[in-house]
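Two complexes follow with chain A in common, the first pairing it with chain B and the second with chain C.
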Partner chain A sequence: MAPSTDPAVKSLRLESPLPLDSGQALDGVRVAYETYGELAADKSNAILVFHALTGDQHLASPHPITGKPGWWDRMVGPGKPIDTSRFHVICANVIGSCMGSTGPASEGPDGRAWAMRFPVITIRDMVRAQVALIDALGIELLHAVVGGSMGGMQALSFAANFPTRAARVLAIATTARHSAQNIAFHEVGRQAIMADPNWEGGDYYGRGKGPEKGLAVARMAAHITYLSEAGLTGKFGRRLQDREAKSFGFDADFQVESYLRHQGIAFTDRFDANSYLYITRAMDYFDLAEEHGGRLADAFAGTPARFCLVSFDTDWLYPTSESRHVVHALNAVAAPVSFVELSAPHGHDSFLLDVPALDRVVKGFLE
Partner chain B sequence: MAPSTDPAVKSLRLESPLPLDSGQALDGVRVAYETYGELAADKSNAILVFHALTGDQHLASPHPITGKPGWWDRMVGPGKPIDTSRFHVICANVIGSCMGSTGPASEGPDGRAWAMRFPVITIRDMVRAQVALIDALGIELLHAVVGGSMGGMQALSFAANFPTRAARVLAIATTARHSAQNIAFHEVGRQAIMADPNWEGGDYYGRGKGPEKGLAVARMAAHITYLSEAGLTGKFGRRLQDREAKSFGFDADFQVESYLRHQGIAFTDRFDANSYLYITRAMDYFDLAEEHGGRLADAFAGTPARFCLVSFDTDWLYPTSESRHVVHALNAVAAPVSFVELSAPHGHDSFLLDVPALDRVVKGFLE
Partner chain C sequence: MSLRADLAAIAANVAPGSRVLDVGCGEGELMEVLQRQRGCDARGMEIDPEAVERCVARGLSVVQGDADRDLADYPDDAFDCAILSQTLQTAARPDLLLDELLRVGRRAFVSFPNFAYWRMRAALLFRGRMPVTRHLPVSWYETQNIHHVTVDDFRELLRAKGVTVEKTWFFTRGREIGGAAANWRAEHAVFQLSR
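Right, the complex of A and B next:
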């Protein structure tokens, strides 16, 4: 394991080329990660948490750019549902991303940033890089793999492709395949980025400005899909932003407009537009059944793991029917699985928010 | 009524300034319109149809730019549900639009295009312009007003503000107010247009190119909301476009990507980006209750008209609950109203598509 160049970033440089689903192999892959809690002497207490599209390894510690608490700070820590006084929790930045793991902003073989010369990767490729990490850490069997949204896709892909490496698989608010509507929303985001003249075919690194406006629009469109209609109405309704009456202009009259604009702009401070292209592509390519001869049950035929699936009743991005589809496949191979649809007002983002019932399910499943 | 400058376009130039909800008044407004069927000698058989966001007056005759059949060709014509052998059907381009009625692309007082100097308009302003049209045509009482989506908003606004001018009000797949989620999707579209450097603050007229890329992205995002998740899955699923296997690139691998890209690009041939900004703004501002002291029922207190509301079970843009909300308000003032939720797989766009049950409802209500 080669040390990271940045002492604040834990990272592993893979010694062998990483084989990719595209048929290519990626040399010199770096996997940046974070850990919380002590690894037991027998290495039996490790939990690998997978992050979502725009997440990162800073699960339960402040984000190095924004300074905000880790994205699952409420779930991971001493005495919390994923209890770091018991478990050694590992979270790695996915390849293709921009928080220390190899991605399009990383230096390519010619010394320039990869940009769009970076190979298209898949969810399984992301998982392969993380299996290489736990190999390097000497962990044979994980106590659990856990993830929500794209993290859940990785958890399912891990179970299908490395069936003996995790005793428990917890997949939250996720799906075994991207639907036409899921692909459609991602395509809007990609087109928004690529339409920005500062995208420059992806070669914007070192030019001072990138496709921030396009990336902000992409984030705004995606953000709507993370929230429920009722949640948006409850949070914002038609309330005006800092004014008594409509402006009859194009400023952000409504709070929801102001909120979305802020979400879009803030995102560009911490995320690389090309990473957004590559990771959304990986998600759109995800179809676990297709990888296993067209039958989802066959993806899970060999696994001795226990599964837990959680969905949220207001999640319209990956609705309960998608989790149920996975549960039926697991039932077909007699895998032990528990499944719960939780009621929460927040839509897809519920897995990140204050949903005490989720805490209980997570804690209970990891016992 | 002044003649149109373009002999192919029927249009009316309003002789008085049009008062606007913003408090401004718009001089020299032109209202372009189309008619189908003969007006009876007593002028009792006229039906005013309102078009949706990107629609126009070419209801049942070929679109002058695309050459495609009128957008409601299946509904309007001799022997069709809106039977032009019985009724005189009028459809006007809304102000703010770009098909002959005054909008941001029209010449302003200084001889240049209005662009973003055009006043922000509302749904009620659109309706006022069309009432001026039927005034000029000498029609005192319409047999019916009819509209779907934004057309339905106009139908409801017409009923509320001109309660004695239509005997029947048919509002399909619509709402009495734009929700936070509705506003959010429109704001994404507006930001996509304004992020395009060719938008130039709206002053792109006569420069050869406008914000086509931004407008295409706006259309793509909106288009997803017009279709149901199941409809998209049925139509496209995860099928690939003209290829056997994924490309591991960023071309439109999936049919749904190709379809959306086409929808976005084709739209820019026929629609003005500033019109898109103004009309979405008008829709976002729409809140019929707010206009009437905060109580929707009060909007309908004075009307002797009969109402019919139609929603579609797969419409997630303006779901059935929004129509029901209108029906409850009408019930509260004892207005005669019929209401049906139709089952159709297409989502919001069902009002434009082949739904025989809708034909029957429309035909029956207009008897």
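Right, the complex of A and C next:
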């Protein structure tokens, strides 16, 4: 999928090259973003929301490709927990992605798509691009940064690297480092993409056919990690899909198979396979302690921000122990921190779904 | 909002502006008073997620955790004072919890129901039944109070540990009473301790 050239997409072209953790610098970076609610005259009411792996800037407005409501529509809007009648909410597409910000599908310096020549980026690089955005918007201090999953990683990275730029840090269902298990699942996804003959070493742009099958399998594997076992059992059990009996074949006999296939295929309509490679790599490289001399507490030393961490009891992707690990580090530097493990049946995806207790925590923390 | 008598005694004796950890902070009533009226930097720990949620909604910094396990997360001397109100008797190991309180805080306030209060004794002596009172309204099989303690038992533990008792307060039916024969007369006790 080509990056959006739609003039309706709000985007900023960075004036100066963006320095990357890899040592390279990226010229002419574009950051696509969306905003909701009015920015106060003193610019004190801005909240920056970071999206997750396959998310985008369309936080609370319909997705331009799928037409579906924004991914956090239930959380962000007038009178909602992140209340756009009070706050100016900003959400930017991460670099490396494919919804208007610079990524592997964007044009490289030679006029051809970057593809795999795009530099490997990190969570901190994504954050740097978004700090450049708020700089350009003239916002010195954000009321809060908020994110779930990879968005939570960005929130923690933001707090560690730009401690004076946000008064509140809300990190939901996230971690300060990717575990071996997290990396392993991502590697399955990447290998599925790269094993697809249509991947062509990443040079599939303009050929009319990309590694859709590989990307769909990657999405299917990942989707399982976003749900809980009980959630899958409750939703599908061993129920069969539109049939009375097993087919003794390899069709999608089971509802869960049909559901995953649908999730996989639908995903390829809106997401670029190379972006998936780059963003999962950035997540795997994420280790906030490593960036700060090996001790997580040092990442937060002297931070003036208030923190709130939320985990879900059925999230086995970024379990409660990961949030506690961050809380421990914040306690060690005496940062004001709240933490709660909420009970919700949906696994990791709970942060996106109907969990009224999360709404109350988010609303309360942002007051 | 008026605080429960034992909490009011604690609130009045926490040094203004100090760093405080309220262990088992419930919905944060004491923390709010300490923060608003005493200018303290108050943090809380609470095991019940719904109570934590309410604390966060009140703008308090509260971590969901189990006092028996999660105090280990805090460095030595992290707080000027640590408060344990009505939680000692629910701990798996009250003695170890006391050690932890006085490790993370230079000073500690501990409040607990006195099981040697005469009405408790009467319930056992005359009725032969575990006491169920206004303040401890739950039957033996569902109570969270797994380590019943008396004022004298607690003093004995403090002596054995070499902990200094700075002040004590005793309450019966919500009113402060003198310290004489407290082990008989007091329904609740509050101890101010230091290492």
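General remarks:
Convention: the second predicted complex is superposed on the first by the 362 of 367 C-alpha atoms of A that agree within 3 Å, B and C clash if a C-alpha of one lies under 4 Å from a C-alpha of the other, contacts with A are read in each partner's own complex, and residues count from 1 in each chain.
Simple rule for what comes next: a residue touches a chain if its C-beta (ideal position, glycine included) is under 8 Å from a C-beta of that chain, and two chains touch if they have at least 3 such contacts.
The structure displayed is predicted, hence computed values, not measured ones.
In the overlay built on the shared chain, the residue A:Gly364 is in contact with chain C alone; chain B does not reach it.
When both complexes are overlaid on chain A, the residue A:Ser343 reaches chain C alone and has no touch with chain B.
The partner of chain A that touches more of its residues, comparing chain B with chain C, is B. When both complexes are overlaid on chain A, the residue A:Tyr205 reaches neither chain B nor chain C.
Touching chain C in their complex are the following residues of chain A: 306, 308, 324, 327-328, 331-332, 334, 336-343, 357, 360-361, 363-365, 367. The touching residues of chain B, counted against chain A in their complex, run 21-23, 116, 119-120, 177-181, 183-185, 187-188, 190-192, 194-197, 213-214, 216-217, 220-221, 224, 227, 229, 232-233, 235-238, 246, 248-250, 252, 254, 256-257, 260-261, 264, 277, 281, 284-285, 287, 290, 316. In the complex of the two chains, the chain C residues touching chain A come out as 19, 41, 43, 49-50, 52-53, 55-65, 70, 73-75, 78.
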